[in-house]
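Same chain, two partners: chain A is paired with chain B first, then with chain C.
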Partner chain A sequence: MAVSLWQRLAARASVPVFVASGKDEPDEIQDMLWQTGRIKLVFTPRHASLLVVTGQIPVEQSQSLAIIHDQLPHPRATLWCGGQPCFEFIAAKRAPSPQTLVASAEDLPQRIKETQKQLLSGKRQSEPDLNPDRPPAPWQGKGDHGQGGEGMMGGKPYGRPMAMMEADLRDGLMLDALEFSVGPFYHGLPAGLMASVSLQGDVILKWQVESPPFPTALPSVFVRALHQDTPLADLEIWRVRVHLQRLARMMALDGLDCAAVRTLRLAGPLPCITQAGLGALQKQVGSLEKHLRKRGFFALGAGIGELDAQQANLMGGYVGRACGMQEDARSTSKPYQALGFTVSCQDKGDVQSRRLQLFAEVHQAIALAAKAGREEVMLTHEEIETPVGRLTKRQAPKDHSEMLQSLLPGMEWREALMTLASLPVAGATREGGWQ
Partner chain B sequence: MILNELLLPIFVVLITLILGAGVVDYLHHATSALGKQMSLRRSLNPLAPLYRLGLALSQQSVITEHPDRLNLRLAPALYFALAALGLAVVPWSADFIPADLVTGMVLWGAVEVLATVVIFLCGWSANAHLPLLGAYRYVSLGLSYMLVSMFVLIGVALPAESLQLSAVVESQREIWNVLRQPMGLPLFLIVGLGLTFWGPLDFASSPDLDRGISADQSGASRLVWQLARYAMLVAFSFMAATVFLGGWLGPWLPGPLWLVLKATLVLLILLWMGHNLPVMTPDKFISVAWVLLLPLSFVDLIWAGALALW
Partner chain C sequence: MDLANLLLIPLIAAVLILALEKCLRRNHSSYPQARPYSGGGDLSSHAWCRFHVRYYPMALLLIAFEMEMMFMYPWAVVYVAEGIKALMEMGMFLTILALGIVYAWREGVFRWQ
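Entry: the complex of A and B
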């Protein structure tokens, strides 16, 4: 097959990639791809050439993944990394080929670029649809036009809901309400979270969780500290890393891509950081915070996603402390007390407070890591304060997606996603933690 | 006659928009890559827009289920046509004005209003949730910045005592409007962000909506919409350079070159804002627009009126 001029040019462009994250996938791969040259992560499968599936996809989500797959324009391909291809997805058309499997995350960027070249040169066939190209439901039902609603509104023609009048939450005016489902691979939601949503314009009327987010794997260092002596500096460095990664995702959602990538570049090499590097890191984080403050990153979250005391108490961790609660497992640990640890808090409990709290905890953790590293402090404790909440031998941080059903209605869509990005909604699992 | 008064102006407007869109694409991606501290060689590669063009043309144009096909195809063409209309009234020198309308400023105002219709059409006709939400959002916020635009543009028409853009440029021979009405350009830049749904005012295709009105576009159909959007950024930059930075006026260099340089400066400011300012929440923008920007545009107008009388 002759390769056109456009295809030769296209082979030199950045490869647009849509990432679908599965279970036990701590977004590490996604963060790594963000920083890689000639790879562009996109928010929607329509803009992608390659679908990268990271982690294990549960059987019940495989149909959703197949829908995502079919939304990619031709020529397209799928790469699986960190999990086995889910059989329902693959078995629909063919057996998994070795071409689609990537053994390690380090190989992924190179495989992405090679696969794109093969697709454009015709050496690799574009993947066919997994689902038949027909409406998910026929245009049938009651209503004047057979769409199943009233008048010309409502109903689910072809399985796609149409807007229908409902009373506005704020003033009772009858306005169009639109119902649809989001997830489990919507980039603004935690991986795995599926919800049925009713929107009036931009305002959320109803948020019904259909399936909770996949549990995230805690960094193994936190689990280890429950059972054996672990360098306290390591715990704090991993806290910095996880907090910075969370902040980077918030920045990306706000359209601050450059700042997000800069933040991930700070977070990426942290597990190998030296004592001397911690001083420089403190300065870089300070300059990043100043940069973001000037650009309104914190002010943007003021008054959004405010939690009440009960909700904050339930979530605990940095969310509780952002709400003014002096709860931190580190305050009861002797090694931390010896290092002069004090609990830092905010007072409002909104998105702004959580963003400020994360930065405050990053600064504090760097200082603690530096001091603990110098004094070679070790820690074993029955309660560990992880970046997403408290961990004990019996209990890991829980899933909080049910809370969203009462928290999100009344918010605008964007505010809801900002709120979601600022909360550790997914539960944590102790197995298979990151090394 | 036909060559000078019809074909040449059309050629200049179209070539400016198409080449300008390429420049916007290059500058946008280059500044983004530099901001992300990517390699200099890759960030500044002048052929990168061609690679992206090749990629778009190599991809399938996916069509959503039961779209309004006519309007889906018309929307980018209309948006591009509006950009061309807006650029057509911009004078390049004392002698060369593609369309020297006495009501040039009114035409630009009409471009801003009609852009709202076209952007809504683009989101609505895809027959998909996220584009529809982006379209709704854009329409609900459009009025907030269009009123500001109206007052700011009346402000620059006052010293010229005309709505003709060539007269507005002439009125800046002594002092540019950016100095005479210091609030005017910052307010007009906010209008530009709204008109092109760029950076902090990118409500129609923001990340929280998976790129909203563009969420279901791919391949060539996405390319033409992107071209139209970049073309509107170019047209706006030329308009801002004309009404606030003295247009083609300037020493030593030819007038058209001055105009291009000033428009590029405006473009760079818009691109910088796009990379460095977060996308506002619609609710906050409504408050800022009505409580702060609109009163400021009144003050700007009163200031301009007082200066004109003095």
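Entry: the complex of A and C
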């Protein structure tokens, strides 16, 4: 009686979900789940009851996915959306049951709620561990406490070397450096990015990229504008959407969940927005910016993740403009010039500048979209300024994860995550994603 | 009788707590579950390592000034009897401490890291 009451109450609560993103436009699904009631996206698998795998997971990362899977507490289940389950991950133990595959992203919220109900009512069995239940680094020392091992530290008592002292980057006090690998499913990193990290306390000593992030799919409207006449208003509306989605992720990282959801709700219906709706959108974005200013969203990024001129030049796009570079492909395009486009810039090149730059570009893009929509301006150009950098017929925006190796050492972990969220690290693909 | 009660009550309480813990205890986590979370990555060195406790100098200063306050209570009693002499002694003591604060300030102890 009591147990069933608990089960019923638990079934009414929000479903904690951990999302592991694979290839092919995974962010759209995450953004949709953020806005769905009774689903709570959590940042670690330990707080989740369902694992949602979006997009296709490369075979070489299936073992990392198995590690994440096993860290979910019981009862647990996995849902696959937008990609085929990797059978190496499922292991030879069992084949994926048909109900774990979700055909379209629209069905996902409903399937999540149903699966949680089935788990809690006992109609669906909790998934067993995929990795064997034995210590990952078994005891290798001599004697009960490793006292018989080699050297002062007792050799390798648990199959891993003891942490050794390394030079400190902050105040010169040398302490032990902790070495580990992070990703490819760490919530604060771009999907797919795997790095080998050395930490001293919370300061990053070394950041070595093991595998680059999955390329993100550019909205097809930007690729189309390279080849054929495309309404300029559409380009600007998609720019607003992508910028708002990036800002929402930064807000979520700062703990401003409500503001993040509010931002995503503004971004979601943008492709269908009317001319009349653009005026209201401008006001809503202004009010959001004011709210965030009061909450310290911009001030929080001051002095963090500052790029030098060379790094800013390499990244280009809004990152370069946040550093004061007057680089924008739109300034060489006649339709934009006719609309009175001018390049807007910041001067410091830190996280705060990038946040301010994104908001400035959102305001500018809404105004341009309204004007271009009224005058029905069309655009074909050999160089298109996308929200993540310059796109030509020969070249898409590149991957910049290698730059992190020189940028992140010396930062605290929190600063590194804020910096990563403010940069378009992943390269872009021309495909339209799985949408 | 009282002594027997005194021994019996904690004994019963201990047995009850242990029994309750056994009933409510969740299953032991498996090794894959207990693995530290790093987004699918793994540790390559041992987790036994020394961290820099960044609030250490501030904590040390707090203790130092708490001790100072402790000396001031008996001093207040002595001051009534000794008068100006006790006041001068305390003034010297506080001056030395104040120099310590100025030095700590210069070294950036009060700057939170």
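By definition in this document, the second predicted complex is superposed on the first by the 400 of 435 C-alpha atoms of A that agree within 3 Å, B and C clash if a C-alpha of one lies under 4 Å from a C-alpha of the other, contacts with A are read in each partner's own complex, and residues count from 1 in each chain.
Note that in this section a residue touches a chain if its C-beta (ideal position, glycine included) is under 8 Å from a C-beta of that chain, and two chains touch if they have at least 3 such contacts.
Small disclaimer: the values here were computed from a predicted structure and weren't measured.
Participant: Between chain B (first) and chain C (second), which, if any, makes contact with A:Thr44: first, second, both or neither?
Facilitator: Both chain B and chain C are touched by A:Thr44.
Participant: Taking the superposition on A as described, I'd like to know which of chain B and chain C A:Leu253 touches: first, second, both or neither.
Facilitator: First partner only, chain B.
Participant: Once chain A of both complexes is superposed, is A:Ala103 in touch with chain B (first), chain C (second), both, or neither?
Facilitator: In the superposition, A:Ala103 touches no partner, neither chain B nor chain C.
Participant: Touching A:Ala338, do we find chain B (first), chain C (second), both, or neither?
Facilitator: neither
Participant: In the overlay, answer first, second, both or neither for which of chain B and chain C A:Ala13 touches.
Facilitator: first
Participant: Touch check for A:Leu417: first (chain B), second (chain C), both, or neither?
Facilitator: The answer is first: A:Leu417 touches chain B but not chain C.
Participant: After superposition on the shared chain, which partner residues are touched by A:Ala167: those of chain B (first), chain C (second), both, or neither?
Facilitator: A:Ala167 contacts neither chain B nor chain C.
Participant: Give one of first, second, both or neither to describe whether A:Pro73 is in contact with chain B, with chain C, with both, or with none.
Facilitator: Both partners, chain B and chain C.
Participant: Do chain B and chain C touch any of the same residues on chain A, and if so, which?
Facilitator: 44, 46, 71, 73-74, 135, 158, 160, 178, 180, 186-187, 201
Participant: Using the touch definition from the top, list the residues of chain A that touch chain B in their complex.
Facilitator: 4-14, 16, 35, 37-38, 43-44, 46-47, 49, 71, 73-75, 120, 135, 158, 160, 178, 180, 186-188, 199, 201-202, 251-259, 261-262, 265, 295-297, 300, 304, 412-415, 417-418
Participant: Tell me, which parts of chain C touch chain A in their complex?
Facilitator: Its residues touching chain A are 27, 30-33, 35-52, 54, 113.
Participant: Once bound in the complex, which stretches of chain A touch chain C?
Facilitator: Against chain C, chain A makes touches at 20, 44-46, 61, 63-65, 67-68, 70-71, 73-74, 129-136, 156-158, 160-164, 168, 170-171, 173, 175-187, 189, 194, 196, 200-201.
Participant: Which residues of chain B touch chain A once you look at their complex with the stated criterion?
Facilitator: Of all residues in chain B, those touching chain A are 32, 35-39, 42, 47-48, 50-55, 57-62, 65-66, 127, 129-130, 132-133, 136-137, 140, 199-200, 202, 206-211, 214-219, 222, 274-284.
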